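Chain IDs A, B, C and D follow the sequence of writing; residue 1 opens each chain.
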Amino acid sequence: MSINTFGRLFRVTTWGESHGPALGAVVDGCPPGIALCEADIQPWLDRRRPGRSRYTTQRREPDRVEILSGTYEGRTTGTPISLMIRNTDQRSKDYSDIARKFRPGHADITYHLKYGLRDPRGGGRSSARETAARVAAGAVARKALAALAPAVEIFGYMVQMGEDAIDRDRFDKAEIDRNPFWSPDAAAAARWAEALDALRKSGNSVGAVIEVVARGVPPGLGAPVYGKLDTDIAAAMMSINAVKGVEIGAGMGAAALTGTENADEIAMGKDGPVFSSNHAGGILGGISTGQDIVCRFAVKPTSSILTPRRTITVEGEETEIVTRGRHDPCVGIRAVPVGEAMMACVILDHLLLHRGQVGDGLAGRIGGWPG
Amino acid sequence: MSINTFGRLFRVTTWGESHGPALGAVVDGCPPGIALCEADIQPWLDRRRPGRSRYTTQRREPDRVEILSGTYEGRTTGTPISLMIRNTDQRSKDYSDIARKFRPGHADITYHLKYGLRDPRGGGRSSARETAARVAAGAVARKALAALAPAVEIFGYMVQMGEDAIDRDRFDKAEIDRNPFWSPDAAAAARWAEALDALRKSGNSVGAVIEVVARGVPPGLGAPVYGKLDTDIAAAMMSINAVKGVEIGAGMGAAALTGTENADEIAMGKDGPVFSSNHAGGILGGISTGQDIVCRFAVKPTSSILTPRRTITVEGEETEIVTRGRHDPCVGIRAVPVGEAMMACVILDHLLLHRGQVGDGLAGRIGGWPG
Amino acid sequence: MSINTFGRLFRVTTWGESHGPALGAVVDGCPPGIALCEADIQPWLDRRRPGRSRYTTQRREPDRVEILSGTYEGRTTGTPISLMIRNTDQRSKDYSDIARKFRPGHADITYHLKYGLRDPRGGGRSSARETAARVAAGAVARKALAALAPAVEIFGYMVQMGEDAIDRDRFDKAEIDRNPFWSPDAAAAARWAEALDALRKSGNSVGAVIEVVARGVPPGLGAPVYGKLDTDIAAAMMSINAVKGVEIGAGMGAAALTGTENADEIAMGKDGPVFSSNHAGGILGGISTGQDIVCRFAVKPTSSILTPRRTITVEGEETEIVTRGRHDPCVGIRAVPVGEAMMACVILDHLLLHRGQVGDGLAGRIGGWPG
Amino acid sequence: MSINTFGRLFRVTTWGESHGPALGAVVDGCPPGIALCEADIQPWLDRRRPGRSRYTTQRREPDRVEILSGTYEGRTTGTPISLMIRNTDQRSKDYSDIARKFRPGHADITYHLKYGLRDPRGGGRSSARETAARVAAGAVARKALAALAPAVEIFGYMVQMGEDAIDRDRFDKAEIDRNPFWSPDAAAAARWAEALDALRKSGNSVGAVIEVVARGVPPGLGAPVYGKLDTDIAAAMMSINAVKGVEIGAGMGAAALTGTENADEIAMGKDGPVFSSNHAGGILGGISTGQDIVCRFAVKPTSSILTPRRTITVEGEETEIVTRGRHDPCVGIRAVPVGEAMMACVILDHLLLHRGQVGDGLAGRIGGWPG
């Protein structure tokens, strides 16, 4: 990952501030010949868009994407795809106070110290608004994956809000799109709705855990020992605003397991190896096994809250701050489509990397498989 | 991170297999004029070396490092530093069985599928032995940090083995080097010793959680939004063998916090900002705050165990495997110096990156600080 | 250089096709605090703009640049600077013929073979129009250089058109901006004007040699052995459309010299080393000496000419083609500001790289210099 | 190109000084399953080895390569290939004088200024000895090319020594290996032998022009607009010690051509497009056409000569220097295998890159070709 670029062969460079004229992404290295128009990208942006429910910020942004380059007659040409989203609802007056005071938990103080100046309007570059550009890029990655590896399916959902986790026995994939929390457990969604209403009223916020699954990923993707698939997924997720932890498969819980519990045993199915469990999260030695790739990440609670917090000013004076503005009481909700987008970009990138070094398909076989 | 390279300006390329003639690292981009000789590196390798206690693999490797280039009269010249460690104790006979069978939880099956062939002796490139090269590179990074940012101190320790965590109230930094588990809690170390003796006898293994702290890191290091300091730390730690989760500060636990609990309040001290707590783990918006940088990672239990596990052969036949050889019952122990080394490399790299873009020190000030 | 990105710390990603809605550049890694507004960039674009004289294409493009991100209150913030230029004069009808036929000397055939499709309007991505984005990025680099290394001066000029070279004895730096050829020799400019009028009338075109000088570059920039300053300059220039050769200092002519002729002898001046000559072109071992950095590159004649040329169609049929449209009879003229821009980007990039690895200034001294 | 690394997917990192214990290369990203042993590499090193004829330095180095990693049972495993060459003939006494004085035309002064210290023995890292590592890496690239694109043939030769160029009408490919100058023109070789004997006796040296051809390269390799094939070739060649100019196809001579002369006309042959000429040097728009890729580079005369040259000391005193030691009177001779090696690495790298983004073969067709 370069400063504002991620990816190796499928490279995404994002730019833009929360309250500047626009934000965007340049997607480089996309395979040619992929059908792509704005209508392919817009639905994914709509999922992330603020103001979809009362549980997300009430900033009103249509988040309309424009494709400025890289396609011809509805297909990618292999040249860079420039995606732009205009900012329209920029109420700069909401942010006048924070130009002088550093909001605890925000990047205000570190940007100020590092760069000497920062765009204080809406958090500038450190705003979660930057993730719109990632979602747009992820939509391009999904289209390329659909063409190159049609079996791949990527979906994310919330598995915990605050201390309240879903019940895995109630997991219903179809439920995810039916509630505003992307929860696969309808009962949890109902509880979260109630809890978040209370938090919102009290001007507080709460953290969340998101899980993203990539299903149907062919085995063989990844590149030891530093370009591992899990390394890149960890970097991709940790780069999302407010993320404080990333797990693959058993994750932090792997520490509590014994070797006999943890080792996913292997049998032979008609479509390749079959594993008795998936503590590995679909990745062994940095390379995909063909199982579901399972990643979780924790999003901290929004630091923009109505409770006064002690802080200091640019002049070094101690003071208090209340962050009004329009904020997400649980920014984790809107992190779901962002996590999906990052996963899509990483999987595509490794598909291209694998094809570059090894060629299409697998160099090895197990018995007569693959045929 | 490139395939076998990590870092941006301070770049480390490692090579070598567990049972090849040697392994090593090429360290590129080191600042010139740093005092460096083999004796500066060896102690760190000795910390990671197998066979230090009965709790680590009994493979006997002296792990003697040779500097083949990049220094002149005991100082770095700014050119690539080639570090080589000869392999001496290569009992290949221990590994003859696994050339045909895939060990569950190991990279055997994925390497085979991806590349079509692999070096089965001791896990080849996927062996934890590769981490010796990281530790050697980390020792170089420590020397450069000592010259450029002498206040920086990097230390790691084990905070959990299996389900048994340390008691934070008993944290004693001086204790870390006194027990074979790098535990800061002597009581925990005693319990772990007992538990591990039992596990070892039963041929089983167990996971662990390691914490690595970088203290005295100047504020301003890191580069949003994809070259974040926490992004690079997450990638660095996730790239270590057997790591399944990475946390910064509050980590996965951040999900359970509310905004009022999580926001580290800021006051002004005589040496810069002072924070009331460190849920952020020393990083806001991807940039260091000056607080301790705190990272944790979970290491899964060694998959090489004596309990028979079901698996398949290269020919696709179902079978069982017992991994004899000499293995670590808790590979997390030896991951401590590896995590420290990765942290040292990342911190130095970001120090150079910051100097490149912004120059020495901070572009911003708070009141009259820094003077 | 990545596919559509160049630079290491100062990284420029360009996007856009000749006849798409817009083209642009994302400039990442710029130091913060640099004064920058659109008026700083526009004059450099105006130098490159088509239609300045009758010797360049009559396409009418205002080439107005918009800064979409990365500045706040007129200063760079250290975040990516997104620069956009709208395309306005897109007469697509001029290019209808070439969608089926491959123009000899153009990228039509290779883009078609590689990608399977291409944007044929105006050459799409392979159009020299892409260089507008480079010039905009170069203007940002110049502003940063002005702040960080104010002694640096970068200027280019044409030294040969067709077979007709300037007389070095008539070199007058002030003359460069006075004629439409950026010629430092007024007499050559007059001859070229006449020759080009004739060529234009006959529908033919001609090549040129451009020289770009970077004066006042501090010694010590560059990084052996693959990140050499001359390596990066060569890559930067060769990446410009139609460039077929790059020289540093004595260039290809160095082959004809003997060692006694070639070695630039060194004396000691009050401001550092003084060299008796500059066959090295200001670079030794890939690192700047403090002398003028001198680079030349050859631009081939525009392949778009009115003389019918034999070619084939997408269907493989043999045919003829005449490229009408609006073209530069000597595209080398407009390559001058492009070469300057690339030089500015490379010099700034290496200034940042040097500062990253070594720090401000030089690690070494000669006697008491620098003081 | 990173500081001591070049390539994108096929990445080569070299290390080592002229008079250190060893030098080497780590080759990362090589496709797996390629037959590779030391005997595949040694012949190429032997071509570059000093002391092959009286026209090259009399330093005696066997240049025996050892493969330390990355192969198993004679095949590449896809993991990094570490290649090491021991230095044996290190007569450090020859170089004692130059620790204090800067040799004109050498990197002594720039390394000293940049880094503050340098290894003066034999030029340290700036010695042409570093190119042995490139040749070893190039041999690996050749083996991979032989497996992936068996039609590719790469060969280099000298076309000019001093002012004396070959006669293209006498070009005989078979002659190249028959004389110590890699000259395709036997008459030129005879003249060069005589001239070089005289130069050697007078303690002088001379420059040369090398041409490297890659034949049989499939069309479609390269990646506009900054990852062009010619951009990467230019960078690769310019990074070789003493190179001052690089040309593709018509090269600097393209400036003197008109559009009608320069445009290579296209006809349709049974095996794809056929061009009437090759001014383009096999590359259009940065992408290979399928014609011969033709690159030339100029090597300056060795700066190590017996004629006294004026220079300064580390203390800034003016003095004279005579470079005794053992040097090549025409270092261009030994640059031939180096240029070939760099070409092999670049072609393979772009083959992998193309396969990554586009897949095997071409996305486009012309009529029914390729079938």
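Going forward, contacts are C-beta pairs under 8 Å (C-beta built on N, C-alpha and C of every residue); 3 or more make two chains touch, one makes a residue touch a chain.
Bear in mind the structure is a predicted one, so any value in this text is a computation, not a measurement.
Graph distance from chain A to chain D, where chains that touch are one step apart, equals 1. Rotation relating chain B to chain C, from a C-alpha superposition: 180°, rounded in steps of 5. Rounded to whole angstrom, the centroid-to-centroid distance between chain B and chain C, based on C-alpha atoms, equals 44 Å. Between the CA-based centres of chain A and chain C the separation comes to 38 Å, rounded to the whole angstrom. Averaged C-alpha coordinates put the centre of chain C at 25 Å from the centre of chain D.
For chain B, residues touching at least two other chains, in rising order: 2-5, 14, 29, 32-33, 78-79, 111, 114-117, 125, 224, 358, 363.
Partner chain D is touched in their complex by these residues of chain A: 9, 29-33, 78-79, 224, 352-353, 355-360, 363.
Residues 2-5, 11, 13-17, 20-24, 26, 28-29, 32-33, 66, 68-70, 72-73, 75, 77-82, 84, 111, 114-119, 124-125 of chain C touch chain A in their complex. Per the touch definition, chain A reaches chain B in the complex via residues 1-6, 8, 14, 102-107, 109-117, 125-126, 130, 160-163, 199, 204-209, 219-220, 222-228, 230-235, 237-239, 241, 244-268, 273, 276, 279-281, 283-289, 296, 298-305, 307, 309-312, 314-318, 332, 354, 358, 362-369.
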